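Same chain, two partners: chain A is paired with chain B first, then with chain C.
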Partner chain A sequence: MTVFGFILKNALRNTRRALLTISSVAVSSALLVSLMTLERELTVPPEAEGASLRIIARNKVSLMQPLPAKQLSAIQRIPGIVTVTPFTYFGGLYENEEFTSFAQFAVDPVPFQSIIVDGPVIDGSYEAWVKNRTGCLVGADTMKRYNLKVGDQMRFRGTFYPCDLDLKIEAVYQGTVDDRNIFFHHKLLDELTGDPGTVGTWYLRAESVEVADRVIQQVNDTFANTSAEVRAESERAFQMGFVSMWGNVSNLIRGVNLVVVFTLVLVAVSTMSMAVRERFRELAVLKALGFQRRDLFGFILAEGFGLSVIGGAVGIGGAWAFWTFSDIQQMTNGFLIVFEVTPRIVGMAAAVASVLGVVSSIGPAISVGRMSVVEGLKTLD
Partner chain B sequence: MAADPIVQVRDLSKLYRQGDIDVTALNHVSVDIQPAEFVVLMGPSGSGKSTLLHIIAGIDRPTSGDVLVQGINVGNLSESDLATWRNQYVGFVFQSFNLIPVLTAAENVELPLLLTRLDRKSRKEQVQAALELVGLGDRLHHRPDQLSGGQQQRVAIARALVTDPVLIVADEPTGNLDAKSASDVLDILRSLSSRSGKTVIMVTHDPKAAGYGTRSLHLEKGEIVA
Partner chain C sequence: MRGGTTGIEWLVLVGLVAAGVGAVWGLATLAGLPIQYNVRNVLVRWRSSLTTILGIGAVVAVFVVLQAVARGIEASSGNTGDDRNVLVVRRGSQAESGSLVTREHFKTLSYMEEIARNEAGQPLISAEVIMIVSVPRVDGTGEANTLLRGLTARGMELRPQVSLVEGRWFEPGKREIVVAQRLAKRFQGFELGGTVKAGLTRLKVVGHFDAGGSAFDSEAWMDSDECRAIFERDQYSSILLRPRDTNAMTVLTNRIDTDKRLALRAEGEVQYYKGQTVTAAPIKIIAGLLGVAMSIGAVFAAMNTMYASVASRTREVGTLRVIGYSRKSVVVCFLIEGACLAALGGIFGCALARLTDGFSTGTLDFQSFAETVFQFQVTPMLMAKGLLFAVVIGVVGSLLPALRAARIPVISALKSV
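== the complex of A and B ==
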């Protein structure tokens, strides 16, 4: 027998309790990893190379207020802009869905091509879409999710536009941060709504990162003191604006995380003190046989640490495997996209499990260290 | 008798303070014990037998007075040195066996050897020899719950003698045993002193058990009366 074998036999003497402890640490660690991943998903917007080149200009009053279509020529005259397209959120419901998780945007296909450069066309042809006024460009994720192919029709019921869409899939793109959205001709929307002369937002692309800030400033200045003042910002800043809505949710998640960790500490501490208390007499015998205080300290610490770390490994590994190999978009109806369990998250959860192992054993270890042999021998089994 | 006593107890007192009253467990006790003696401590409950045994064995400390074992003043050792001293000098046998339930007989006996420099092979040999000495050479891999009370107590004796200590202390080792098992255990303790030259100190209430010893000490109210 080795000292390690002795520790192992002690840790596993009550198999059911050891398993329960490992499971509770595992479940809590998995929960912790999932919540941290969720928080990250909600607060860190997906990032792509072009995100700081792309600029969104919206009505200064609110995102819901449209902008006059005639602003286009003024924007086009601003130096440093490669391209500009109207970009209007349709917000329709797909087929018979009660809730549709991907967005439909009306754009001008020609300038739009140099905005969506991150996502090359992988099926159909962009030119065909440009030519077909009732065609659409669809993200690969949506194609896959609804089992669609090029040439199929997609029908949308308007919610705040009083019209429906019936679009033919002409091209499929893949490789943007969000491959779910579909795009169709703004001209079609104008036609169906009686040509109101408005757009939702302007979507533009700056020549370079260096000029992007100046372009933003100039767009804002151009329409200052007009009836439709504009607020332009980089796509990244725009996303961050959405993210700030999640600020409170993020605090809530952190609160829940704290509760999870706290509960976990209580469980682990009570398990270890029970495990040690019922062995007080044996530990006193070990002391009588000549084992040092630090030996017993080590036995208890190794046991507590071992149980927590095994539980942590199972839980963290399980959560990682689950979120990595499952289709999170499918499961959440597209609400969550990436849900990446990052090394940082794994590291933090592992640190929690390790610290837990130490924290749970330190109290019992100290009380065993203080116990005199005679006292310990008097305790009943 | 040999010239030098192996255990010298000098003016030993132990007081327990309970609230405002002092309880005197040992009252200026002095006694010498020679090598290979089998000393039996007797006396009424609460007379201080266990307390004396614990202090001699280095698991309790006196309020005043000294215990010297082979010239070493046990009371002067630090906590850590005392633990090492116990490992090398003392073997313990308790009334309730006190084996570790998850370990086999052989593993229980091996425990004190984990603190020595012995390698795995010599540990195994010593464990085997110790268990054979108590007549359990064929029960190496039984766990305590697979052994009778008498067998468990013999495993405990094997654990006490495996490190080859000079002193074996036993607190009511037959208290939980039937007559047959008790006499087996007492035979082994007697032969440890007579054949192996160990000094054995045993506490007992049983006059029959006392008959196995080479000398009896009677304690009453913390003092040796005979």
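== the complex of A and C ==
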């Protein structure tokens, strides 16, 4: 019998226990992977290609405070800006929904075309949307989710604005980080509210990464000490600002992760100590036959390590397969979009599982190393 | 209010625990087993017992703490408002912060005769503005949105649960604000004498108030019209008023709701805040999912321990059977042991979770997009739930091992070493 065969036989001697240990390690590591992915989803917004070029300018008071539309010409005069469009969150409810997970934004379609560069139109035509003031540009995910086609009407009830929208789908885009949002003419919103003088935010595109910082600074300076001071930042920074409001949630998830790891350790340690306790006598025989301490330690370590790594592989692989091949957007009603299990998360969970195998073997191995042969042979259990 | 309910809840908890112990005792007596046998068994194998207890304890602690978070968020909005008050917002808006009410609306409503009056004869109605202001956090992790409410003296009369704890109330026309004490701890410039920049003006903090754990604990207050002036807003956000009596309340609510010209929605203040608990819902779902997933791991751990316990006691089980104990008694015996083990874990977990009771923190409210402050609420009811959860884990985990113990043939059991 080879050493490997010996270890394998030992590990599978109590098949039920081996299976129980593997499955509890598997469940816990699947949980660990899912939680880490959730934390990543909530705290690290997906990175878009043009994100460092795009700049969002909001009212310094808060995002909810509107900006005067007359700022447009002052912004256009700033050198280094390719394009600028008003960008106003409508916050409507789709048809009869109580909660709508995708956003509607009012924009100026012409300059907007050079902002939404990473989302080319895949159906309908952008020009048709530009021409139709009551038309809209819809993300592919939303089209799919509600089973819509170009030419359909979409109705929204306003919650922030005292007006409703009735829009015709003119074009469909795909390829941005969030293909759920829909866009419509800012002029339509102005008409409906009877107020052409305000916009929500400004959406800008800088010529190059090099000038972006200067443009941001200049936008801020232009409106300093006016009645509507502006806070401009890169799209990325803007998203991170949103994320920072989640701060405590991510701490909570991290706390739960710690507890999951802790229970994992307990399960593994108790399994290994049980396995070793059962075979105290055999191990004493092995010692009597002349096996060294480090040989015995090797046997135990290999078994504990093997069990936790198999459990880890099943759990991590299962979680990866589940989150990769299931439609997370459908499941969470559009609350979570990407939910990508990254290699880094897989690596971290795998590291936890391996460390677990080592940690669980140390205690039992020490007690085996310490025991005298006579004492071990006397043991009954 | 809270003291009374928790008193009862504590009684319920003690009652449940007593009932549990009684049930175990009764079962043990029925099975004819001395309960000390099981308790001693747990203690003899203390190392593996301890790991199981710690494991189950950790799972229960997470379960209870997450529920306490959801409860805390619910409580902060569920705890708000006065039964006698009616809140009026624009029809179609989901929250005060997204609502618009014009000055004409306010005028129309002020003259409605169903509105109660104070001693000075003024109608108890307050037109209010909700602003969201971005303020830097104390811990330097960037800015977060906070709610700034502009209200009148009537508005303060309508909210008796809010009391001043430090400094003084704001004076209209002086650009002063009063901040909730709990909110003040989380943001820069909200300390007494501090200033907050809003547009071109600086608002001075002249006092701190305490709102008794209600939603107002996440707000800063200032004068209503001054707030409109500073932020250049023509319209109010909402109107809070108090009808003369319950009868007048029904009449008034109906009248506002059905008047097409107003396009407003009237709702009891308490009901309104009860409806603002969207934020707690996902946390509850996560708590449930985590509870299930983690309990699977815990059940496996308990099973492992109990199988080992059964295996090493094969001879004892054989002896019990020879003396005359039935298979059923043996099953009950091991179930009780598993349940006791898990209950100890549950107690440990609840004790751990209880340490977080009253911990005050903030999170993003999905409806107002501002930070709401809430406190972890580890109530006796939640702890009872946690204990029950632990016992279920224990019983499920020891069921298979117990059945196995019962099936061991007597002769071979006695022969085993």
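Quick note on the criterion: the second predicted complex is superposed on the first by the 380 of 381 C-alpha atoms of A that agree within 3 Å, B and C clash if a C-alpha of one lies under 4 Å from a C-alpha of the other, contacts with A are read in each partner's own complex, and residues count from 1 in each chain.
What we mean here is this: a contact is a pair of C-beta atoms (placed from the backbone, for glycine too) under 8 Å apart; a residue touches a chain by one contact, two chains touch by 3 or more.
These numbers were taken from a predicted model, which means no experiment stands behind them.
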Which of chain B and chain C A:Asn225 touches, first, second, both or neither: second
Contacts of A:Thr15 with chain B and chain C, given as first, second, both or neither: neither
Contacts of A:Asn96 with chain B and chain C, given as first, second, both or neither: neither
First, second, both or neither for A:Leu63, with chain B first and chain C second: second
Which superposed partner A:Ser28 touches (first chain B, second chain C, both, neither): second
Chain A residues touched - chain C or chain B, whichever exceeds: C
Chain B versus chain C as contact partner of A:Lys287, first or second or both or neither: first
Contact residues common to both interfaces of chain A (with chain B and with chain C): 381
Contact footprint of chain B on chain A as seen in their complex: 1-3, 6, 9-10, 12-13, 281-282, 285-293, 295, 372-374, 377, 381
Chain B residues within the chain A interface of the complex: 54, 57, 59-60, 79-80, 83-88, 92, 94, 96, 98, 100-103, 106-107, 110-112, 114-115, 159
Chain A residues touching chain C - in the complex, by the definition given at the top: 16-17, 20-21, 23-24, 27-28, 30-31, 60-65, 91, 99, 157-160, 162, 225-229, 231, 240-241, 244-249, 252, 255-256, 259-260, 262-264, 266-267, 269-271, 273-274, 277-278, 335, 380-381
Chain A-touching residues of chain C, taken from the complex the two chains share: 47-48, 51-52, 54-55, 58-59, 61-62, 66, 69, 90, 92-94, 97-98, 100, 131-134, 141-145, 198-200, 231-232, 263, 278, 282, 290, 293-294, 296-298, 300-301, 303-305, 307-308, 311-312, 361-364, 369, 371, 417
